[in-house]
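Heads up, there are several structures right after this.
Below are two complexes that have subunit A in common, paired first with subunit B and then with subunit C.
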Partner chain A sequence: MADHAHGGDYDAATGKTTTGHSWDGISELNTPLPRWWLYTLYGCIVWAIIYWVLFPAWPWFGGATKGLLGWNSRTVVARELDELRASRSAMNDKLAAASLQQIEATPELLAFARAEGAAAFAQNCSPCHGAGAQGSRGYPNLNADRWLWGGTLDQIHTTITHGARWTADPDTHAGVMPSFGRDGLLNKEEISTIADYVRTLSGNAPDAGADLAKGKQLFIDNCSPCHGEDGKGNVDVGAANLTTQVWLYGPTKADIMHRIEVGGGGVMPAWKGRLDESTIKALTVFVHTLGGGK
Partner chain B sequence: MSATNQAPTPKRSLWDYHAIFEKNSIILVLGILVAISIGGLVEIVPLFFLKATIEKVDGVRPKTPLELAGFDIYVREGCYLCHSQQVRALRDEVERYGHYSLAAESMYDHPFQWGSKRNGPDLARIGGKYSDDWHRDHLRHPQAVVPASIMPRYGFLEETPLDGAHIADNMKTLALVGVPYTQDMIDKAQEDLSAQGSPDSPGVADLQARYPKASAHEFGADKRPLTEADAVIAYLQQLGTQIDFKIYDNKANIR
Partner chain C sequence: MTQAQASDLGDDSPLYASAPKIYPQKVTGTYRRIKWILLAVTLGIYYFLPFVRWDRGPDAPNQAVLIDFANRKFYFFFIEIWPQEIYYLTGLLILAAMTLFLMNALAGRVWCGYLCPQTVWTDLFFWTERLFEGDRRERMRKDAGPWTFQRVREKTLKHVVWLAVAWWTGGAWVLYFADAPTLVGKMARFEAPPTALIWIAILTTTTYVLAGFMREQVCLYMCPWPRIQAALTDENALNVTYRYDRGEPRESLKKAKLLRSGGEKIGDCIDCGQCVAVCPTGVDIRQGPSLGCIQCGLCIDACDTVMAKIDRPPRLIAYDTDLNVARRLAGKPNAFKLIRGRTILYAVVISAVGGIMIAALVGRKDVSLSVMHDRNPMFVKTSDGSIRNAVTAHIVNRHSTARSFSIEVERPAGARVAVVGGDNAEAAPIIEVGPDQVREVRVFVIMPRNDALPASQELVLKLKDAASGASTTATDNFFAP
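And then the complex of A and B:
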């Protein structure tokens, strides 16, 4: 800033004053800040004052100043969400009103439901079921025509809504496979014999010399209450169909023996509450039309 | 400036007093300190006294001993370097993650985990989104469940027994800085720690009386020692679940 106080000398060569500092006879010109810079600074100060008046600004003991415009990030987001919902509501209302079967029968609704379902699937389901719904060990492949809890629209809808073995939801699918080995219900040899037989149900080869007749008997005694005598499973208790090439935990004899050893069942979260009903419907239609739907 | 040969008569303007700051570095530093503390005092101090800073919400409780142990491991492992825990009040975030975070939800976190780094998704509402099994699979080997993931493997967590010996001391310290742990909670820390790891144990009812809505997990704490992974999973599974947003009144907390 200008420094007249200390009596800067006038410098005739430049027509400016000096700061008054002098080092070994060399003095310094007093060059003020460029005007444009100063005016920008003043402009910012004015802007800040206007901002304080219009927008929430100063915290004070009874709460922050509210600002004349009444602007508030929480009101804004609430309004934006309302607008978003309103922009989708025409289609969403139709989804909510239509039955799952009607949605699939109406091309316009079907296209919308599949698009919305695909987006919701990527965000919520793909970490478990895979980006292409192909599944992985312990997480079922949803493209396949092999269902633990049933592949009709209504069955899929129930599974997504209430999950499987999701204890926080009282209506969740329940029922686990007993731990035959760990709880001593079957010994190692019996488990091996049954596993050989189970492999034949899906057309896989048993170990050489396997006693399939004994395996079948053990299967009927121990496993058929859930998996059925033919091994085709039971969607009421989530017992897997053992006669297909699609496996939740794997087709090898070791995989099957391990399953008989430990039993149990996979856990799928309930989505009611986290996702709204029209999104769940869209997901149902999306999953149903992946290829395996019944 | 006049263009005469005469130096202009010095007149003392306001700016001239400023020369004091420009010419004495110590005074300049003191001046800067005063200016900055005014900004700090005016902006920050009222927040400490303001009732309105943290909204009153039902349901937020201190973390159970197991969740607290998980929180400490989360901080130790630097999960916050890739994950934030704050859903901002922006449309796209609320659409993706759920209700925006409230100050009350992190009021018992020391240190808070809001963060700003999002190499991975925000975790403020992760509780209840996945199963315990999934978290275990994912911590052990993220790429096994999410092939494109860049998250590192934390398999060692499930091989490291949880050291819960100091959990009561930890709670005592937090009580000093305002987390409402009661003497009863501190005395029963060990019981609560193991009860939360086995849903069938008799201690679960007591645990839930002390920590409403705390969920016990099928970790088999009655059969094997709890591991660090168990603690982290218990911690993750309660994140963002304490407030029931179905009954929470947004309008009452517009500010």
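And then the complex of A and C:
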């Protein structure tokens, strides 16, 4: 039974008093804290009160109390961001001044551009092109070495700056594949014949009994204006190179037939105005050094 | 309890008490001498080590012990530790802990009594205090008396010297983080960086407060080690022990002589209180082991002095065990068991960890290659159908000169490499790495079109020093559809 009498007893064995708490006859000695420790506690209390007054502390209607210093974490972040920009400005200026080729040839600039490009890519490009720039059906894989609009540094730079089929930018890449099937330009059988021929361009096997000679003729009549007679495409109009193993919409005959049926092409926004020049340059170098750059 | 006692004592008894001030008395003897020597050696190392020079060539700092935060290096004489070798620190911490455990198993808290910075600096501060204010009795008399001019002067001088020592302590600390002579020069010209000054201020304050004022209270209230060691010690550890088998019953010197001449068995302790007077933590060792006892052995010296004066054998207080006291009381001989399961275990762990560290240090290479495979995408199919994997390679050059390396694929057979930002004209691209630097490069491994590639196979990259021909490899996986 705990006995909570006020005050304590004198303990002869130790010469100390007890706290008055006793359990089953065992009582607790009063061994006080040292005074400096007590003062430290008081000091902390004073500190806490000053803190309440100076900093945001108490929940209140319409937000916490503001505190006399007016400190808040948003302004701190804003200031730190400004400091960060200032600290990067020297390198950013160098990036803006150098040509794309110079950036790639200078290890220091290349490392900086790749780091900044990777960050900008994650923020702006990864929603369509994927976190690793691996793309997906209809969204080009930027690691691969087949380019719709060209894979040199300058061509990539133009594509990022003006976008593709982005009507708001007058300098954007233009060129749309007609909907050969849907608009009645070709019938189902002709499309199938062309698809068989197109698959042979990249070394894939056509269906058994395919009329490749007819397919080639149809290809030359309908497709070669953009894709070229050899099927190697044309970066000026975004016509894909059909002789490679890289397929934006899939390599099967059904994939190819569907593409001839509906035509069209992906849209990419123009980044000029949204991103500054040094960021676009960094992105260009980043994409170019992903492995597929020409 | 009676009501009278409760109201007299309980209600008025303080909940908080000021710590009684301890006035340790000057003492001479074996352990005091050991403590002075250790104090001189440890403080000497601490204060002067930053000025020791060590030639590492033109591009590296020539300070023997330097923690170089800016370049992320730790220099210790001939050893140079890079951040990726932080496991050496882990090893060092394991060694330190095990050594502490071993010391504890052999002789209790000897760390506390002889080597702990708190003890060493407090000893130095006690010495300063005695220098200006006199020994125990004198200090107690003065503190109880009025403030005289002499007392003010003595106290002022003491605090000035304390602050000077504390400042030097903080100053020496920062010298481990920058070139010492340069930083001293900057401090003399008041050009030292604010970081250095802040650290000096912090360590000056802690030294002054901890060694000058808090002293034994650090051990009693703040330090976890006294508590931890209670779980690590055992009855065979040599602790400072009052041999009550020899000491009791206590009598005054005269009475003891009288009774002894009458043939009675009288203890050697004459209750002179010298062991308590010299104790830096105010412990009475005769009451047995306690939290306050730091095993410094000063009470042994004090007691031996008294025993010599009263013509009794020394070591009434000694490094001994309660087990032996009990054995002697039972008429059995002493038994010291220093080699036992726990000390053997500690010794084995210490030699094992130490051995591994030495082996790792001796066997480490001046050049190393580590690779990290791209997580996304795992592989890329290129226009001709070949499969490309990308890895980020870290090349570490610990030489003090620039080196050029060639990188090539050992496995899978038939693959080739290309390096971003490198010379890709040759089969094995050349990469330049500056002196004492790490270079990160993106390396592509390309496998020609082969529809039968396994989904994953071993990838081995080989880095070859173009000058010496020495090579090192790194292993990862080559992925395919």
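Here is the rule we use: the second predicted complex is superposed on the first by the 212 of 294 C-alpha atoms of A that agree within 3 Å, B and C clash if a C-alpha of one lies under 4 Å from a C-alpha of the other, contacts with A are read in each partner's own complex, and residues count from 1 in each chain.
The definition used in the following text is that contacts are C-beta pairs under 8 Å (C-beta built on N, C-alpha and C of every residue); 3 or more make two chains touch, one makes a residue touch a chain.
Keep in mind the model is a prediction, meaning the values are calculated, not measured.
In the superposed model, A:59 makes contact with subunit B only, not with subunit C.
Contact with neither subunit B nor subunit C is seen for A:99 once the two complexes are overlaid on the shared chain. Of the two partner chains, neither subunit B nor subunit C is touched by A:187. In the overlay built on the shared chain, the residue A:10 is in contact with subunit B and with subunit C. By the touch criterion stated above, A:123 is placed in contact with subunit B alone, subunit C being left untouched. In the superposition on chain A, contact of A:89 is made with neither subunit B nor subunit C.
In the superposition on chain A, contact is made by A:72 with subunit B only, not with subunit C. After overlaying the two complexes on the shared chain, residue contacts for A:138 are found with subunit B alone; subunit C is out of touch.
Across the superposed pair, subunit B and subunit C both touch subunit A at residues 5-10, 17, 131. Residues 1, 3, 5-8, 10-13, 15-16, 18-19, 22, 42-43, 46-47, 49-50, 52, 89-91, 94-96, 98, 100, 128-134, 137-138, 144-147, 199, 215, 246, 250, 253-255 of subunit B are the ones that touch subunit A when the two sit in their complex. Per the touch definition, subunit A reaches subunit C in the complex via residues 5-10, 17-20, 30, 32-38, 104, 107, 110-111, 114, 130-134, 141, 143-146, 203, 241, 243-246, 289-292. Here subunit A touches subunit B in the complex through residues 1-10, 12, 15-17, 58-61, 63-64, 72-78, 80-81, 84, 123-124, 126-128, 131, 136, 138-139, 166-168, 266-269, 273-274, going by the rule given at the top.
Looking at the complex, you find that subunit C touches subunit A at residues 1, 5-7, 9-11, 13-19, 214, 217, 221, 374-377, 380-385, 388, 390, 420-421, 440, 442, 444, 449.
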